[in-house]
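There are two complexes below, and they share chain A, which is joined by chain B in the first and by chain C in the second.
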Partner chain A sequence: MINFRQIFLTIACLVLVWVTPARAAPAAAASRAALLTSFCATDGDKAAALGQLVEVVVSPNAQDRAWAGRIVDAIRNGALVCGTGGHVTIQGSPALDAVSLQPSVAATADSPYVPSIVMMRKLAVASAEMDLFAPQQDTRSAAARQVDKFFALLDPAIVARAIKQERDPDTATVLTLALAKRGLNSNVQADRLAAIKAVAEVPSETARTALANFATQDSVRSDPVVLAAVHRAILRMDTWLSFGKVFSILFSGLSYAGVLLLTALGLSIVFGLMGVINLAHGEFIMIGAYSTYLVERLMQAHLPGLFDAYIFVAIPVAFVICAVCGMLLEFFVIRFLYRRPLETLLATWAISIALIKLIQVLFGSQNVEFITPGFLNGGMQVAPGFFVTFNRIFAIVLALLIFAATFALIRFTKLGLLMRATTQLRDTARCLGVPAERVDRIAFGLGAGLAGLAGVVLTQIASVNPSMGTGFVVDSFMVVVLGGAGSLAGTVVSSLALGEINQFIEPFYGAVAAKVVVLLMIVLIIQKRPQGLFALKTRV
Partner chain B sequence: MSSSATRWLGQTVEIGMVPVLVLVALYLPFAYFVIPESNALHLSLFGINLIGQIMCFALLALALDLVWGYAGILSLGHGIFFGIGGYLMAIYLLNGAYAETHVLPDFLQYMGASDFPAAWKIFSRLDVTILLTMVVTTLVAGVFGFVTFRSRINGVYLSIITQALTYALMLLLFINDVGFGGNNGMTGFTSLAGYKLAGVTTQIGLAVCSCLLLVAAYVGARYLARSSFGRALIAVRDDEARMRFLGYRTHTLKLFAWCLSAVLAALAGMLYVPQVGIVNPTIVSPELSVEIAVWVAIGGRGTLIGAIVGAIVVNGLKFWLTAQLPAVWPFILAGVTLVIVVYFSNGVWGSFKAAGSESKGGRQ
Partner chain C sequence: MKRRTFLSAVSSGLVAAAGSSLPKAVLAAGTSEPIKLGLLFSQSGTMANGESLLKDTALMTIDQINAKGGVLGRQLQGVVVDPASDWPMYAQLSKQLILRDKCAALFGCWTSVSRKSVLPVVEAQDSLLFYPLHFEGEEQSKNVVYLNSPPSSSVLPAIDYLMSDQGGSAKRFYMIGSDYVWPRTINKMLKGYLKTKNIPDSAWREHYVPFGQSNFQTIVRDIKDFAAQPGGQAIVVMTVVGDSIPAMFKEAINQGVRATDIPILGLDVVDSDLEGLDTKPLVGHLSCWCYFQNVDTPQNHQFKSDWKNYVSAHSLKHRPDMVIDPMVSTYLGINLWAQAAAKANSTGTDAVRKALAGQSMVDPAGYSVKMDASSQYLWRGDMIGSINANQGFDILWKSKDIVKPVPFSPFIGKA
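So, the complex of A and B:
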């Protein structure tokens, strides 16, 4: 049987929510008492009173919020005692006056208000709805699941508002679906339209699927008003979602390009300067990552207060360690293989397998776990369907900063000048007194150090194990070959292009196929233009 | 040792390798069937199988030496051709297994197929398989070589491109939907040309075949190297621009050597897979392709025998040491490679020969 009073009050509440800003003055004692009387009176409108209690949750007054929560808990526990003359108390030790929450004494003749089973369910939902505005993420998630369980009893206005201010996308999705289930399942057109509108406000893949399924129902197809509303809502969602998808792809392409840039930067300098194919480049990346691991462990043990800053400490440490390793490698092996690039290739390959085995022996071949620093945890939902994680933003920002620093070094310092001169015309530079061998050593150390920095960044976004470097060697060589050895601009452009193309192909054919396609593309381009896109000198 | 004595010794070893390998081939069945097990000279089936595998690797190294030592093309992607031979042989063996057991391989069942793909059914006879493998390999190598050599890509860039191509092929083969068994590869072979694959005679026969094919390839390659074609190749390796100016079609010369080398590698793959009993994408991994170059470099590039000796020694050591001291092998290999690459620029045998010859060795 339809309770018109209930419907009228619900719609009144909806209107109140949509039209007036929620600026409730602290609920006066009188209104509190009036609320409580509804519970105690035998013919009181308990549902409406409950609705008003939940409304109090969105009031800016903290005292009111706490009071409402207290009352709901009391009713659920059967602790609300209705006294004569409108005097309501809460059982307990000490017993409290329900209006003011001050200690009071209940008359022994008072009987507690025992809510019916239906009322208990409504109370559970009301309690959950109130928890939707709690500051703790876990409370909100649990509350959302509770609301979803009793979707038929929820208050759409409250839940819609909760969705709007929810930061966690999973919780928001659960609430959206609950809202959709409630409104769409009702037989009242107004409810359905309100539900469609509410769902359309929070576009997401799941919501869109729910609406699309809803549109196929016979009861909907026979109702033109609702059908039109559903189609409009779906259209609106699709626009939002496609925006979100495009941005998502662009962003992940950018972060992949950032990783490629970091790994290829050092290689570009070394390859352009000395023509050395360094197959141990991946291992320098790996050493950088393991240096970060050491720094993390040390700081955890000795400086736990500054633990979150370990990644900033690891940056210079990894750079120095890898630069030193690179310079040692150059001094002991590479400088004897001058002008013998094919031998250098084999020698660096030998070094790489030795390094991998060494790290395996020292650290084990398992993946190494990293604790993400606090400020890199999580992410934010920039647009529907577009969620950015902070560690990827960090990777991109760091890649740009490192590139800027390298560019400044090469372009504006004396060392950079000497390196450029030795790259372009080695013998002339030597005639002019440039110590080419020393420049080689420093450049090799710089290249190895940059690889180490790439390793530092990769600890946050990729898995770290002794053979992680082998996956990056071929990719970074491709970036360097395509961009033009020795050219920084070429490295940036080619890593950006390759990163974006890879991410655009991936949704259609998968990650592996995307990689294969990109590799084949590069091979074809190299056939036509062997020196790369931005070549400092033709080297065929 | 005087240079003429060194030269004499060098030539003896090089020519003598042929009867030595033939003797090894003959010794294998003898060591298994005739010599009793208690004797130290007896070879178990495992040992014979190992020798067979090493012979396949030696053939692979020989193939690479043909293009690297004689034409100057360092290919770090010869695993591609090795893999083509291996996978096509595996398809033939699967056909045989299906004819016997009427049970489809697992990966085909997971893909929902009820029968072999039509293209696979062509590989139902051994002679057809061998012929088709050679054709396919020549085509693949020919296309790549034609495009690459015409664009005058060589040296370091070519090496990187071949690495990238073998990496791409490995990634492609890892995808299950491509239909070559995914990362599990293909296995479950039962028979080869009517003989039971796991049978003793078949395994010994395969090992003997590997030895004999190696001998034949070595003899043929030596003849080729001494012919005018071989001389032209060496000249191309040393100074391609000069040869082009003299009117030689260098890209055609290189293409011919490249395709021949690819076919040899594919044949090595075809013999390797039945002896190992499985083929999976690691056969085309970039690491294996670089290792082939390491065997040739250690043994001596440009001297065919160096490639064979390098492959046999390195792989023999590897099989022996990874069983005894698995943690130490990478360091030993790295150390040996470094020492040889830095100090013996032409590998062990190449340095030996260079010590014997009066003229300076050619450029690399």
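So, the complex of A and C:
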């Protein structure tokens, strides 16, 4: 009997505890509304309001935590809308009442709360601090990196709690480091030395900035032990960072070279091997880019599941479209103009303008919008001070693959043999039964198709509009002329040289100076070696 | 025979040109013919995108004024020409508009170089050009009406904001621009201004790229490098134009530069530049203009719905839901001209110019704008916009009232 009563009491107590949050709801609603009002009021103390929000985050009540998380997200996405009469809603379908998170009607004339930059920083930290307690390991480690990035703004109490709870050692290390950077401000010498040591372990730009700022403080200058430790740490970090700097210059030279190679490869066949001055080359690049655009749109409409793969689908599509355009151009225009370079030049220039206008009529002259496939977004930190972006790596890899394929085609296939034969000794080749006209057409188509491939890659790097090709055609001619007409190897070497030289000059003297120097260099080299760096040995 | 008719056509053209140098007030008086306004906006070439928007805005405004009965009891008529983004062509066509078509005033130009090319023509013919873009200042002609703000009343307040506590207390400045007069003048002025704020020379870095530059790898890396130096928060003041704007933003996104790390103040960025971009990673970067389309005033809702209706009624290719500052400026210019002509009871240049001083109206941004009596610059409100996730701008800050335009910056000499 007594036992039964005890059990009943226990259950009653549990129920009471469980019910309490629900009963407290009206009070919570009032404080929630007050919090939200301070975000909306023009003179409200937004930073203090955010501080309160973050406190809610670590509160034991799961409902409140979820609510605070939702509000911070809404503010960051610009979805918190301040209505007339203090009615705050979260935009979306359906719109939610910001206090109760129940569906609500949002008035149309409301204006969103626009956070200032300082608030955005605080919001980023607040949201990361919330994520530190997320169940998913990935979310937590991303949040830890974010907290580390804004170490000056972190809340030590919350981060310390997160470290205590963290099971993944790497994430805990990142958080400890963030705390250490903040801990530089401690007054105890031992703490400071430990913090310096911890920060120096992981070189990065932000860490160097933190240390350099630290070294200028009066309290540090007066303490020779700490000062020496800071200088040692900075020196060590500088070594690492300068390595990173050299690598990143090399990398951007390489990626610029990749773009040059891609755009020049087609031209090196058309101009180098066939001797046709094709000023419409840039427009084939542009058509390749617009083909990609069509593929992207179609995939988005019909195959949203495979959307990210559109860039790979676009490769054959753009190649075929451009190759067909190229062959048509050859059939209707170029073949009547072989060995008449001046007329070819004028005719292809006219075609280039006509194509630009045609695309302008069809698509309009504004830039077209591309949604970058997920795997090409962003980049990664390879080493301190050395950051590579995925779209550039993609361009480099694709350029190399396309070059290898082209090289193999010219070198090792029968078609390649016929092409080389036709270009080197046209009449003899014809006497031996080579169908020179057909070979010309295919070679021209190949050149145009390669330009189309360049267009596919450029959609991820440059802006796409009808006149995008005009800039590239000049660069392409530069590469081909410098490399030596007709030599694929020359094209590679000259694009690599131009890319690297350009990117080595640019950080010191600017992009304009880099262009000037590169062009002057080309003039000088062409004077000494009119046939280019790699001259093709022909008997003509 | 053909040649003779051609010659006679030319000579009659010359006679007509000579006749038109009569005072315009005489020609304007007492007829019920429409009053002609010259619209000098390119519809082809690189500027076609922006300028054709302004041309259609001008035609819409003219329709609106005509619907209310026109000016001085006469209808207005817009005379459209296409200078094809070719700067000397602006001068030639402006001459044609003034002499052959006898336009009462000209509205047009986007780039500073086209304005400079029209300037000698309107001065020689004593006509009026209403110029709707914000620009580098340092110019004042009695024949040009400047409808948008000079840098001292738009760029400097934005810099002040970014240097304030609320704006993130910027201490260091990276200036990146296209290589021509507007960015160079703006940056020169900015450096002079920073000097008065006791910012040391080591706290800024300046870089220019050629027109149409699309490779911003090195620049963005340099920006990150600059921002990592000690000395305080760094910001980017971006004055690149045209295609370079999306290219620069793309690279910033890829290299992970967010507004929370290094805010970018893009002085020439309008909504249409963001069209091709995923703006989620760009949220928080800034721009400053006298008008952003998200401003919540009844005048703006009216203007936006008028534009939407106009675009669909004339089946134009423009986006019906996008309005940018230069369009509003064009709209203001034509209305102010109409008010001044009505007040002067004449369309003559001198009379309109006199009546123009002190004219005011409520603009779509909600300010009561006012024409400066001495400088022919318009007093307007100033706003800072913050890029949002929907390829537009949210209004982060706006001036309490209209700001006095200062055509000649006192900071340029200090740099």
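Heads up, the rule we're going with is that the second predicted complex is superposed on the first by the 346 of 540 C-alpha atoms of A that agree within 3 Å, B and C clash if a C-alpha of one lies under 4 Å from a C-alpha of the other, contacts with A are read in each partner's own complex, and residues count from 1 in each chain.
One rule holds in what follows: a contact is a pair of C-beta atoms (placed from the backbone, for glycine too) under 8 Å apart; a residue touches a chain by one contact, two chains touch by 3 or more.
The structure displayed is predicted, hence computed values, not measured ones.
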Would you check which partner chain A:I117 touches, where first means chain B only, second means chain C only, and both and neither mean what they say?
-> second
Once the shared chain is lined up, is A:I353 touching chain B (first), chain C (second), both, or neither of them?
-> first
Quick one: classify A:K528 as touching chain B (first), chain C (second), both or neither.
-> first
Chain B or chain C, by number of chain A residues touched = C
Would you sort A:L279 into first (chain B), second (chain C), both or neither based on which partner it touches?
-> first
Scan A:R340 for contacts with chain B and chain C and give back first, second, both or neither.
-> first
Could you say whether A:K515 touches chain B, chain C, both of them, or neither, answering first, second, both or neither?
-> both
Go through the superposed model and pick first if A:S463 touches only chain B, second if only chain C, both, or neither.
-> second
In the superposed arrangement, what residues of chain A touch both chain B and chain C?
-> 510, 512, 515
Chain A to chain B touching residues, read off their complex = 275, 277, 279, 333, 336-337, 340-343, 345-347, 349-351, 353-354, 356-358, 361, 470, 474, 477-478, 481, 510, 512-513, 515-516, 519-520, 522-523, 526-528, 530, 539-540
Any idea which chain B residues touch chain A in the complex?
-> 74, 76, 147-148, 151-157, 159-161, 163-165, 167-168, 171-172, 174-175, 286-287, 290, 293-294, 297, 327, 330-331, 333-335, 337-338, 341-342, 345, 364
Show which residues of chain C lie in contact with chain A when the two form their complex.
-> 46, 48-49, 162, 165-168, 179, 207-210, 212-215, 217-219, 221-222, 224-225, 227-230, 243, 246-247, 250-251, 253-256, 259-261, 263, 272, 275-278, 283-284, 294, 296, 301, 317, 386, 388-390, 394-396
Listed in rising order, the residues of chain A that touch chain C in the complex are 76-78, 109, 111-112, 114-118, 120-121, 124, 149-150, 205-206, 208-209, 212-213, 216, 245, 248-249, 252, 255-256, 259, 364-372, 377-379, 385, 387, 389-392, 461-465, 467-468, 471, 503, 506-507, 510-512, 515
